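The same chain A turns up in both complexes below, where it pairs with chain B and then with chain C.
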Partner chain A sequence: MTVDITRQEPAGRGSAPVIPPSKPTARSSAAQLSRRSETGALIGTIGVFIFFCIFGGAQFLATGGAASWLNIAAELGIVAIPVGLLMIAGELDLSVGSVLAASSMTLATVSGYWGLPMGVGILAALAVGVGTGFVNGILVSRTKVPSFVVTLATNFSLVGLTLGLSRLVTGTTSVAIAPDATSKNIFGTLIAGQFEVAIFWWIGIAAVVIWILQMTKFGNWIFAIGGDAESARATGIPVTKVKVGLFMTSGFGAALVGVIQTILYNGAQVSNGQSFVFNSIIAVVIGGVLLTGGYGSVWGIILGTMTFAVVSQGIYYTGWNSDWASLILGILLLAAVLMNNTFRKLALSAGIGTKKLKG
Partner chain B sequence: MVVPQLVRNIAAKRGQAFKISTIVPAVIAVVALAGCASGKAETTTGTSTANPGGKNVSIVMIGGTSSDPFFSAIKRGAEDAAKAYGSTVQFTFLGPQNYNNLGPDVAKLQETALSQNPSIVVSPDWVEESQNDAFKRIVAKGVPVILYNSGGSSAAANVGALTYIGTDEYLSGKMGGETFTKNGGKNLVCVNTVPGAANTEARCKGLKDAAAAAGAKSTELSLPSATFGNPSAVTQAIKAQLLQDGSIDGILTIGAADADSAAAAIESANATGKVKLGTFGLSTSTLDRIKGGKQLFALDLQPYLQGFLTVSSAYQYVAYGLLAPSNPNLTGPLVINSSNVDVAIAGAQLGVR
Partner chain C sequence: MTAPLLRLTNVSKSFAGTNALTDISLEVHAGQVLCLLGDNGAGKSTLIKILSGFHTPTSGTVEVNGEKVVFNSPRDASSYGISTVHQFGGTFPLMGVGRSFFVGVEPTKGWGPFKHFDKKTAGEIAVREMRNLGITRVTDGNRLVGSLSGGERQSLAIARAVYFGANVLILDEPTAALGVKEATHVLRIIMQARAQGLAVIFVTHNVLHAMTVGDRFAVLIHGSKADDFKKGERTREEITDLMAGGEAMAELEAEVAQFQATADAQ
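Moving on, here comes the complex of A and B:
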């Protein structure tokens, strides 16, 4: 938590779309912390972690337990970070589930069923994701139909296309693959028999995205578009290009997880992936990103992803009847989001006293 | 909002092991999306010269879609049985184009079957409330009916069918539980990735009762929908269960794809050899693990036998008046373990398993 995130803080509705870095003013560090947008998410993560440390026992804290939620968080995080960026820019992507399945089946078909080199299959799989993102972005920008509807439609269409094509081409809905050692090492091996390589992909993607948001104008554009797309356009921000780019990024993230899972589990199934649609949005929202856009941070998304993973895996370490897992998940998620709202209000009132914010 | 796909994909993913009744509850939610499915009929007439001297028998079989792998094995068995009786058999297979509106669609197929003046009709009873009236009309016209695949002997008695041929989810789960306890299992887990569905719950209840009868402990690990279609989540949940309770020594999964996750979980919990694995359904990786000694067993529902026995029973009843007294007439599951895995692999390569 050493990265300065002040540039990610929004200036509130109706303010200038390009956010100038706010000058840190002299405040007590506790007050400053309470006003950072991801403080609520951080408290949520620590809270659920302590909760399961108490009820999950030693196994939850041991290597195996840590790997449990880190593996889940890594795969979800690779999808959630770009999905979160899109949400900050005011758009949703519900197509990640079928992109994951489509890329997974593409890799298994190209490199498993047809026997082409792994590299070709991986590139084809990633291209499926980026291509779907491009189609989503163009459709949303050109038609002005809400992205919720457009990406829901592509989610359905792509599932149908994947199912239909895999039956036509391979005659089945699950295809096996025997990945070579190199691609196993890069995408789908277990380090120390426990930790997925995906964890490093997650960290890498997070680092790159944090850098983009901190250091490039592209980062500011995203917040500006999410705050008010029309004003952003008026100030010369290429709104369409930014959005198409973001959709392509979220397609890429989902496709990458598809590749990782295919190589890790030596096969692909048409039905995989749909749980990522809601889980990624849940992780992003727990992380403090507003569903309406314009507000949020990558650190928040990372913390939200960790909270979700700890809760969804921690329950199995408690020894409680797993029938209640969904209920506990739901309650903890609601609690986390309510806490976020409290801290968001504090964060948005940060400027009060030095300067008035509109809206 | 993604429920329709999810549920259809369950059928696709675990087509080897699932009866169609799994998808029925959710199917109701999709009725609005469902197209008007018209039945497809294919008629096979035996061409061999063998003629056992019986009268001409016209058998109409109602079954699943042409793309359902489980039903393609059933159909293959049925056609082989029809061919065995030669030119005295006229065999017709009717199937819906999809499972989106199953009850009404199949009830219409039953009317189609009756309109062809068959000697006998064989059909699954997937949606009793939609299909039973049509069965009763067929029986009332004097055409005998055999239920197979789904429904059970209670449904057969209800509609006046001769018998039920197929599997029983509860007894199959019990067989899985007994296989564990015979191999020393003391603490079993049934991993249910579709909790609440009648057939998966029946499987897990069978395991539970078998464990209780042998004095073993058992739990059902029901995974919430947040894990659906995510093998990593299923793997980590099973691993957590293994780490949390170190005395677990047997895991049963409800489909072959989940068995892959369970195998990975056993490995990363460092429990290889200690925790035994069994599953419903067959897949290449499942058979390979059994051969390699990493999996105890798989329960094969034997769809080919289901089709073959149903059609040959139908023929023998019409032609000779023969009827097996056992009801239900169980065609599976067969426990595939290291002793018979080689022949099972050979059968799978021939497309029979």
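Moving on, here comes the complex of A and C:
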């Protein structure tokens, strides 16, 4: 028996008029802008850019200046996008630092120390990232321990494991590698002598993930899971699978940067990568993603990443001590969160006029 | 009479040793509203979660149209046309109305790798379905759910359940957080669903709401079915007393009387 109640006429309440959708006006498009999660991030990016244009001078604007922050942004961005997706789904990944180091050491050991083909080393390195993500995802879903704790634990364990194994296998903690030309071209060359190919990886990944998050049902599931995991499960979304998949993606992103760095710098060090743990979270949060999940966008993450990169590199062009960059980033992080909260409140009140918000 | 749409036989559920439900037997028929009454912690939501595939019963059987079924997931339950609006849930405050309406059942268009979520259609359908339930103030499918009033949110969740549910609609305390006007509205939606031939299970604390729309009633006390009756077989006072455990109410009345007496004496 299938009954379609939907074709019924509007129930009772005869006096309530059907309000036609209002035509878009200047005011409603401003409201529409304020409803987007990346509005605050855009203001931030433009703000710091203008700031360093003024204080960094012509050199900051020259290709060298652009390359310096774009390179930082690209490497961070490749990690920040999947970390941001996870955050939208309500989870954190603090293990990206050691995944980067572990995949980097894997590639250098397999293809450098053992001399196997580059392809084998790269696949092994990416497998380390995806595998760690899988373990994270399963642990978080099965144990219900917060992902903050689980991934913090994996971050430490994996660093230890990488250190121990590389000493056992290679006898040192930094391994050199001589990548072939093809791998160099794909992962680790400098275009025009200054721009890393990672920039193209970043753009490519961003394009794919924008499509997934905004245009596919999988994207809708990510928002739903971050908004309310129980309700999402009630609608039949395979919550565990989606989460495990997202952890694997962030492992993949970190491992890819590990591969890129190893090939670019012709070697790997166990100590690499830990800065990505907090930098990726800073970029994502500045980008307007809600730390507790359910809200955010890839454009926001990209803008947050750019803001981070502009501040951390722009400082060198000002002639000031680079110590100030951290201060600026700290203040920016706080300001960004406050601003994003304001914009979110605006988005939540959009369309209700003078009526007060309930719950 | 045909077989009931939904039949529970001796359903029990225990969580790590504590019994949330003991030997519950119930029947739900098409075109009828079954009101599930009971105090806080009586086991109403637990029963609903069994029917919606969230929990599997520790013992006992569930039948749909006379066929024995086991729901291992919410998806299983919805595949039998059972759709549920859970207490404290069902909508996503930071999602648009259209996105929220179609979570888990997104309409897609396009082909192969270009197959994508048709957000425009989703928004239009969500707005239309809410309008059919009398919510006319939501006209934009992109509007965030968190900006709706409690009643509008509840209506969105119900509109969704009605739209996707084929034959059993389960509502867990849909009127609990609502004002008089919005609660009345939800009751009207229940009557509408009933008139369309759906079976409705309506969970509530509110005896008045239950008596307004119910055809059959079941009262749960501490996880057991304390009473089971048809419309008109009990008075409002009898039901209230039963829910509160009778003596508790009498005790309270005595206390109030005493309080009154001391106040008068002063």
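In this section, the second predicted complex is superposed on the first by the 322 of 359 C-alpha atoms of A that agree within 3 Å, B and C clash if a C-alpha of one lies under 4 Å from a C-alpha of the other, contacts with A are read in each partner's own complex, and residues count from 1 in each chain.
What we mean here is this: contacts are C-beta pairs under 8 Å (C-beta built on N, C-alpha and C of every residue); 3 or more make two chains touch, one makes a residue touch a chain.
This structure is a prediction, so every number in the text was calculated from the model and none was measured.
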Once chain A of both complexes is superposed, is A:G273 in touch with chain B (first), chain C (second), both, or neither? first
Have a look at where A:G251 lands relative to chain B and chain C in the superposition and call it first, second, both or neither. neither
Should A:A325 be classified as contacting the first partner (chain B), the second (chain C), both, or neither? first
Output check: A:I72 vs chain B and chain C. Expected answer is one of first, second, both, neither. What do you get? first
After lining up the shared chain so the two structures overlap, which partner does A:A176 touch, if you call chain B first and chain C second: first, second, both or neither? first
Does chain B (first) or chain C (second) touch A:G188, or do both, or does neither? neither
Considering only the defined contacts, which chain C positions touch chain A in the complex? 30, 52, 54, 73-75, 78, 81, 84, 86, 89-95, 99-100, 102-106, 108, 115-117, 128-129, 131-134, 136-137, 139-140, 142-144, 146-150, 153, 162-163, 166-167, 177, 185, 188-189, 192-193, 196-198
Touching residues of chain A toward chain B in the complex: what are they? 56-57, 59, 62, 64-65, 67-69, 71-72, 75, 94, 97-98, 101, 152, 155-156, 159, 163, 167, 172-174, 176, 190, 193-194, 196, 261, 264-267, 269-279, 312-313, 316-319, 322-323, 325-326, 329
Chain C-touching residues of chain A, taken from the complex the two chains share: 1-6, 8-13, 16-22, 32, 35, 211, 215-217, 219-221, 223-224, 227-228, 230-237, 290, 294-295, 344, 347-352, 355, 357-359
Inside the complex, what are the residues of chain B that reach chain A? 1-2, 5-6, 9-10, 12-13, 15, 67, 69, 195, 220-233, 236-237, 239-241, 243-245, 257, 260-261, 264, 267-270, 283-285
